[in-house]
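Common to both upcoming complexes is chain A, partnered first by chain B, then by chain C.
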Partner chain A sequence: MESLWLSVKLAAWVAGILLVFGIPLAYWLAFSRWRWKFFVEAAVAVPLVLPPTVLGFYMLVAMGPQGPLGSAWSKLFGRGLAFTFQGLIIASVLYSLPFAVQPLVVAFEGVDRKLLAASAVLGAGEWSTFRRVILPLSLRGVATSAILSFAHTLGEFGVVLMVGGNLAGITRTVSIEIYDRVQSLDYTQANRLALLLLALSFAVLSFVYGMNRRVRRRVWIPWASR
Partner chain B sequence: MGLPVTPESLTAEVRLERSSDGMSPFLLDVAIEIPPGFTMLFGPSGAGKSTLLDCVAGLLKPSGGRIAIGSRVVFDSARSVNLPPQARRIGYVFQSLALFPHLSVQENVAYGLLGLDPAQRRTRTKRILAAFQLEKLRTQKPGELSGGEKQRAALARSLVTQPRALLLDEPLTGLDAALKSAILDDLRAWNAEARIPILCVTHSRDEVDALGERVIALDRGRVAGEGTPADVLDAPRKRRLAQVAGFENLLDGTVLDLRETDGVMRVALGEAAAELEVPLGYAAPGDRVRIAIRAGDILLAAEKPGRLSARNLLRGRIAQLQDRGALCIARVDCGAEFQVHLTRGAARELELAQGTPIWLIVKTHSCHVVRD
Partner chain C sequence: MAGENHILALAIRLFALLLGYAAPAGLCFGQPCEIRVAAASDLSFIMPELASQFERQSGCALRVSYGSSGNFLSQLRNGAPFDVFFSADLEYPKRLEAAGLTEGRVCEYAVGRLALWAPANASVNPASEHWNALLDPAVAKIALANPDHAPYGRAAIAALKKAGVYERVRTKLVFGENISQAAQFVQSGNAQLGVLALSLTRAPAMRQGKSWEIPPEFYPLIRQGAAILKGARNAGSARRFLEFLQSAGVREILRRFGFSPPPAD
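And then the complex of A and B:
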């Protein structure tokens, strides 16, 4: 049960951090007209297609005592980053980035540009328009983004194994523990945890879809208006 | 209330370069002045009406020109002035209205008043909701409103910010005439106090007549005419304008002779089978001209009438008769083909049918000489 709690904690941290960084990044991706923007789009999407071992490998190297991340971290906090919970958070944030950013970009881009123009001619600046028009009309996307990154982190295996190793209470998440149990032929325990993870994931996703359904009915849809 | 003390005009000199094809150097090249009150911006679709409005509002940057309200310059390419839309204080009601779907009517209307203190915001919102008869709908979302109610809300939302000028992009399209005029009465009443210039885009001739103190006709990004609706649209001097102003008959002809003392000239139509007397224009005998005549300005007679003030009497036959419910459209072949509108009753009385011989009567001043 310790491993499950660790997974939930990790997922919550990752979802929270991704919300904070994902919203400005997604806003930029949705509205910037920079010609090289596609490079950034590609970079954000890379974790979707990369094997977790590749990402995990480079993260591990970067987090090592000689790596840029690891050395900077130890200068700041006086200890290493590899095989720690913090290191796990950083790697998972990168790995779940596309899951957080894509729904936000879609939501921001889906806001009718005429509404933005209307907001501007009514005197509202960019930040005000974002806060009063774009964000309230993108709440579904924000919730979807947070829940998807939470759920995705919850079920993560490869990156955790590469960066975190398998330290009980520190980096042994539930997916790692399941793997462990299977290796040691403890199928009963593995099944118990797997079932728990399955149920949790299903519950979380049901919540996303259920929430979207409820919100959708309240939100104004042009073709459903009287 | 901090309204402008003296009414100020909106002046806009806008040039917008065409981005790709080089047919014409400018997509838009106009210089207009909009005095306080209603000015209609009339023209066929694609004439550049909405583009012009976007430039004035600051949503689109012109390649050159100057836009000002009174002495307040909001855009001047020569001095590199280009205020963003939120700093221009120009109200703009889009065709789609663009009400914020997640906000109630009241919140929509108060949207532009964020800078005010709450008490003032409430007073102003309350006052405009009353003026546009929206009090009862205060808490409704735009999705729950009818078309007319949405339009009222959009107008109120723009006007409550006390803009220096108001741009309307066909905001009343799709409303029935009674509702439209009720909303316009509210708008007029509001503007009696504010006295701001209102530029209203339309492509409907009826709307021009209903509203128009002044009209500016736009065609292919150029001002094709401006003045009173009667001046601009009833006597169009350009062919495209005549088409959009609802002149069903556009006939090619050749000038035969000028009768300057009478102020008329004679024009041979088509293959010279028919002649028309039309008002004198800038033309010489032998010139090709085009004559515009409204289908409703032509009379039909079953027998040849005598001693008539109308100068044009043409003999022909009905080529085609179409029943359009309230009105009949007759195509009459007099050597050149004319379209004539008449009531069903008249068509019955004259016993019109395909092939019926008929006399066609056109007053000289119902004929308008237009240029291409």
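And then the complex of A and C:
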């Protein structure tokens, strides 16, 4: 149970951080005209391709005392990053980055450009156009982004396995514990935890899609009027 | 048009290659004898040596997959296509035997050994400080394999307890999923010391480090067993390989790679 709570906590942190950093990044990706933008787009998508354990291994190296992350972190806080909850958050943020950014980019790009022009004509600056036009019209994208990064982190395994060190209450997330139970041939406990994780994920996803449905129903669609 | 056809043919050929239809005209193709081996990951350095010796003797090639013994156990129970299973303990193959999934009895092929290991540039030196290295203030994290399911992890905990340092280092311990991952924790500098398999510290990437073999009286024997699996395509050759492992020449290889020969009983 402790591990399930830890996973939820990790997923919530990651989803929150990714919203804060993902929105400006996605905004830039959606509206920038920089010719080398596609390199940034590709870099954001790379964690989709890398096997999680491979990503985790290089995160572990980066978090080491000689690694860029590890040395910067220990200068700031006087301790290492691997085998800590903070370390898990940083690794998971990178791992779930594409899942947070892609839906946001799609949502921002989907906003009718005429509305942006109208907003500019009415004298609104970039910030207030974003706040009063783009963001309200992209709320579904924002919700999808948050929920995808939450769900993706909840079930995360390979990255946590590589950088976590399996410490109870600190880095032993529910997926790690399920794996451990299976390894120790304790299938009963493994099944119980897996079922809990499944039920929780299903509940969260149902809730979100249910909310989305309510948003959608406000729009009248002639061929789906029932 | 002709050019287009050419490209199409090339694409089809590439696709066939990806699906594995094109004959891999390598050494292993058409090999008259091949043994499919599932081996615990602590064997990843000694196995190539054993395989090449055995191949020279018998003409029989080994195709080895490395992994955690526990994973292999689950996979073998569900019909994984292997002929022999080399576990890092005795318990897992015995379970297979009890479930009637083996051809004949489980046999012991080696005994694992433990070592305390630090990278070459570390400030601690287990080679001279022995157990005291664990208590050094510079040591914030000590890596071992997960004692819940990895035999070397279990032995490491037993050794720490026997040496009377367990309570003092308990909060510094971090656990790798298997012994190789524990080694990565130390190699990457995230942990300062590791209680590892001696066989790993003999690996090319780790040989330069500082290591001290923990005397065997500190932990119960890490007896490693192997079994031939029911439905093995090549049970006869697999049996010959297990017999080969009991031969005198192999004992020397075992020692060189950080194992002991199985106890005679």
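Here, the second predicted complex is superposed on the first by the 218 of 226 C-alpha atoms of A that agree within 3 Å, B and C clash if a C-alpha of one lies under 4 Å from a C-alpha of the other, contacts with A are read in each partner's own complex, and residues count from 1 in each chain.
Note that a contact is a pair of C-beta atoms (placed from the backbone, for glycine too) under 8 Å apart; a residue touches a chain by one contact, two chains touch by 3 or more.
Fair warning: this is a prediction, and the values are worked out from it, not measured in the lab.
In the overlay built on the shared chain, the residue A:210 is in contact with neither chain B nor chain C. Within the superposed three-chain model, A:112 lies in touch with chain B and out of touch with chain C [touch as defined at top]. Using the contact criterion defined above for the overlaid structures, shared-chain residue A:121 touches chain B, although it does not reach chain C.
In the superposition on chain A, A:57 contacts chain C only, with no contact to chain B.
Once the two complexes are overlaid on the shared chain, A:132 sits against chain B while remaining clear of chain C. Counting contacts as defined above, no chain A residue meets chain B in one complex and chain C in the other. Put simply, chain A touches chain B in their complex at residues 112, 114-115, 117-125, 128, 132-133, 136-137, 219-221, 224-226. Across the complex, chain A is touched by residues 57-59, 84-92, 94, 96, 98-102, 111-112, 114-115, 141-144, 146, 157-158, 161 of chain B.
By the touch criterion given at the top, residues 68, 70-71, 73-74, 95, 140-141, 143, 146, 148-149, 174-177, 181, 184-185, 188-191 of chain C touch chain A in their complex.
If you check the complex, the residues on chain A that touch chain C are 57, 60-61, 63-67, 70, 79-80, 82-83, 161-162, 165-167, 179-180, 182-185.
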